[in-house]
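Structures are listed in the sections that come next.
Here come two complexes built around subunit A, the first alongside subunit B, the second alongside subunit C.
Here is the complex of A and B:
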């Protein structure tokens, strides 16, 4: 059941694209016949991770079904190093018309993109925009807020934990939104963050989860590519919310919910535009909740009234409510968002300060 | 015992370069055949894939360009290992020295904007060489004063170096706009590209610097008494001492030079290709450098060629992945080829001797038998 429906996605994407940065009259890249088309996917992790990369692999499979005559290339576990540049060049050398890079490679990608102006490049979680480069991401903060509401109700100690990758915006956004959601129902909740310097390192994430639990955390949240935190939580009889896919079988009692990802609709739509000669580079597309990301069905041990309360918040957000409204203070107590002000999608996308109650992230 | 014809494996004292090259080539071909069989068993067409790899590596200008870009850090690390092998020491820490060299260069590039790119690059190179040398100074001191094995100490410092980079890249040197990995902002001082009108990317002058470094080290080895002393210290330390050579000093010099070369490799990669200090700057280049140096038998110019060979093999892994081979299978194939080549190189130092019985009374023993050994 794809979360994403094309028409609503396009409306949402159009609304978001209009918002940031200067508008530029872009010329679309020339049309390509489906039988001549080459579509490439470059992944940060292994497609067998059961999480982030797996969901992007699903998008590739969906695209294969939608464009059966096209040729597909896929490379997994591309390190964020000069190797990435070589891999992307290989895509171009193999005649790729559109390249999805499922994580940010920054300069390592744009150095290739700038010289391959007939190829469309889409960088997940990226920043660069040019005539043939654009990026896409999900409004994960909205889903994190909804999960946080449930967490605030379910945590007995009010001590939440987050296992993250690097000190990047996605980590700030995730941890902050989760805690703000929790504080909306449990005002004294706090959040300890441990970063493991990797997106996929099951051993390190298990250790981090154990350390948080020993510190008195009774509910974990993680955005890492694998589900090892959930398994640690199950073993230690605490709760855990995750990212990417439904992995409740790995921790049926611990499972709260997950931030689900579904890139299928977006990727198929972008490929379709590229083939028809309607694709243009430019500003980022931030897929909203319900159209590329959503919460999973609540876990077996989530009380029904908690699920209903969080779902009411979800419905409000999908109706247009922005929960990230002032007053919001940072971890040092400084007011960052004043009363009456709301954070814009780009501010949320580039969040780089921890909110009050979050420890373990630099201000 | 010696009445029957038997076989023996014997070590050959001196092996010519031609024989070693032949052994390497033969084992590489053998490895490719085995790899082809494995690919066929996986349901992939080995010949078409092989043609694809060759085309991607040598058939296009940017294929060759990519090879040289990958070979240059490998050559720098290989040189570092080779210099220390000259005195009989193993530098397992080129990886760490590479990272610390890059850190030194990044410090200059980020915080000392002294104006001209040329000056900044020169200072970055100095800082990188100093950083690499500094990183091996402790193992060198431990080796010379306490006799601690440099194999262990240089290896362990690799992890410390990587943590140092992570500490800076996630901490005070972090680029807050980066969304996936921890890295510093872009360093603007960069090597100029070689003049050309190609379609993609391009080579930078750092590659010329690597070749120059190899040439300088080769000349030092060949034409200076210092280079000769290094070789004697490596071959027989007691003899060197007896001949009045300052053995400890030469060992220290070789180690510091080795560290500085790996550090420069880090600077070249930073200012030539990646432009940001981050944990992915070296994809195990320092460890591959050990293979590079061993394959080249520690000859500085040979390092350039073995680095190129390694680049072809590693690049083949990338090409195979775009052709549908899983990442882990590509790594396994690369490992297979390296294993065969390393084994072939080693085996070329041995010969199989047929030992025929002699018309002497039994009991003269194996010494007599061995003296009758034929090829």
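Here is the complex of A and C:
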């Protein structure tokens, strides 16, 4: 009998915890005076990486300029472990009103966010939403598509290569969009993907780039945080498109363009809302091309007519055209997007299958 | 053919980093001092090499700077472990963390910048014409020849062909006996720890001036730890270290080739492969001749020497 009672108690407790949090109409967090405000940035990498974390650091500098009286906290290279939870808790204990986390930490962040309901949390590439938690990312697939158009015109062999980190949605989105862009002008182009299982490992990325080039790839694309691929491409006389910042000085002949990141506007806007008492948690913000991400000025060796053609595509996309319309097949040949259908921003954000012509990624 | 040559060439490039770092570690371990600070030394070497090259545009000065900075850090480490006789494991950890942190802080202004100058290949006439092997083996830069030929030859000769080498090995095995025989243990240990640290740090210079031509925080990515493991793997012998480094580089490069050629093996498995193969090579000989002493580690490795202790 006691056992039975305990069991039913446990069941009741489980049912309680499984119940969804009461969904309330989103109420904004209370306003904060600028002189009392504390803004925190938690970075995944070092701000000296010249890439991802560097651009987020620029956003912090921009916010400092916009809100000179506010206090700023910044922690670099936060490992994806219990240390992250500790760091985020520290932010809250230091009175942070708004916290930017520059990569996905998932539950490591949510566990802190759920206890600190007066603090706004913004997770880059995150997926969770609550009253005080939201996320943001960029529509990198649009820029990748534009870069892909130029790549399709510039590649002589039609064999493109992608050096990526992990089999995550961002990698699928990048490689797929780039190849679809290339195929819009060179229908037989293919894309070989190598994953190095790290976001930052220059030795691994240069080896991966060499391996691709030795196998006949003549145009590389990479979203990694370092510029090794570009340097390898320059040495081997092939082309390379990159992410994050303008890196043409590292490979002036190889440089095609880069997917530039600019979080300044978004971060300043969010901090402004938080201070004025207008900030609410909720669904992800996907920054479109032109506001947060864009292609860099074309490289010196990109023929002007190729640049113009890709720019025309860019203008069409910014005018509202969605290039990710059916029919799109996956690598196994199955039709995933039928004719007349278009992929939604969320489908693109959570892309998890390789398109036809992409090899090295699992379906 | 070109693919094979490319594979070998990448293997040599990436193996060279390990070979240099591990040869430096060997010098310290042969006299009985375990230096776990290789990772930190490499980071310091990598950073100071790029900093120097940025100012002077001469890769050799960069290499020299790495040797000097490594030697400087080695003096600190030797003071702590040989003179003060603190725990070698803890001091090594401190050297790793200190080296990584210090190089990240000092190197911040030029992180991500391309190295001002890099080592250019020095083809060896005639030999570089050999098909497949020629371009991979004999069209490399001088530090590669240093790591794979000159240095291991010099260390092997020193350790196993000279009287001084016998002394070194004896100190690693039984410092008390050496002391009784009139050999000055502490000064010799001190010298070789410093020398080893300098060589290990030069692996960092090789990395940033010969392989990845720029410096950034975290560029060593744990290769220093692999170098420490490689010394054990190679049974504390210089030529085996070079072989092990080459094997590790080869399996590593094969992982990328497999992805580039789309062999359909998951990338996580390929990334694990070098470690798996290393493990296999360590276990296999032990299984084949059971009971035999496999790893001849210097008997006094990691033990501080006190004359008074009876």
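Definition applied: the second predicted complex is superposed on the first by the 339 of 363 C-alpha atoms of A that agree within 3 Å, B and C clash if a C-alpha of one lies under 4 Å from a C-alpha of the other, contacts with A are read in each partner's own complex, and residues count from 1 in each chain.
One rule holds for everything that comes next: a contact is a pair of C-beta atoms (placed from the backbone, for glycine too) under 8 Å apart; a residue touches a chain by one contact, two chains touch by 3 or more.
For clarity, every value in this text was computed on a predicted model and none was experimentally measured.
In the superposed model, A:46 lies in contact with both subunit B and subunit C.
When the shared chain is aligned, subunit B comes close enough to touch A:104, but subunit C does not. In the superposition on chain A, no contact is made by A:339 with either subunit B or subunit C. In the superposition on chain A, contact is made by A:79 with subunit B only, not with subunit C.
By the document's definition of touching, of the two partners only subunit B reaches A:87; subunit C does not.
By the touch criterion defined above, A:250 reaches subunit C but does not reach subunit B. Of the two partner chains, subunit C is the only one that A:360 touches; subunit B does not reach it. Contact with subunit B, but none with subunit C, is seen for A:115 once the two complexes are overlaid on the shared chain. Of the two partner chains placed by the overlay, only subunit C lies in contact with A:214; subunit B stays clear of it. In the three-chain superposition model, subunit A touches both subunit B and subunit C at residues 46, 77, 167, 195, 197, 362. Of all residues in subunit C, only 2-3, 6-7, 10, 14, 17, 104, 107-108, 111-114, 207, 211-214, 216-219, 221, 223, 252-253, 256-257, 259-262, 266-268, 271 touch subunit A in the complex they form. By the touch criterion stated above, subunit A contacts subunit B in their complex at residues 40, 44, 46, 73-77, 79-83, 85-87, 89-94, 103-108, 111-112, 115-116, 125-127, 165-170, 195, 197, 199, 350, 352, 362. Looking at the complex, you find that subunit B touches subunit A at residues 56, 60, 62-63, 66, 69-70, 166, 170-171, 174, 176-183, 186, 199-201, 269, 273-276, 278-283, 315, 318-319, 321-324, 326-328.
Only residues 45-46, 48-51, 54, 77, 161, 167, 192-198, 200-204, 206-208, 210-212, 214-215, 217, 226-228, 231, 249-250, 359-360, 362 of subunit A touch subunit C when the two sit together in their complex.
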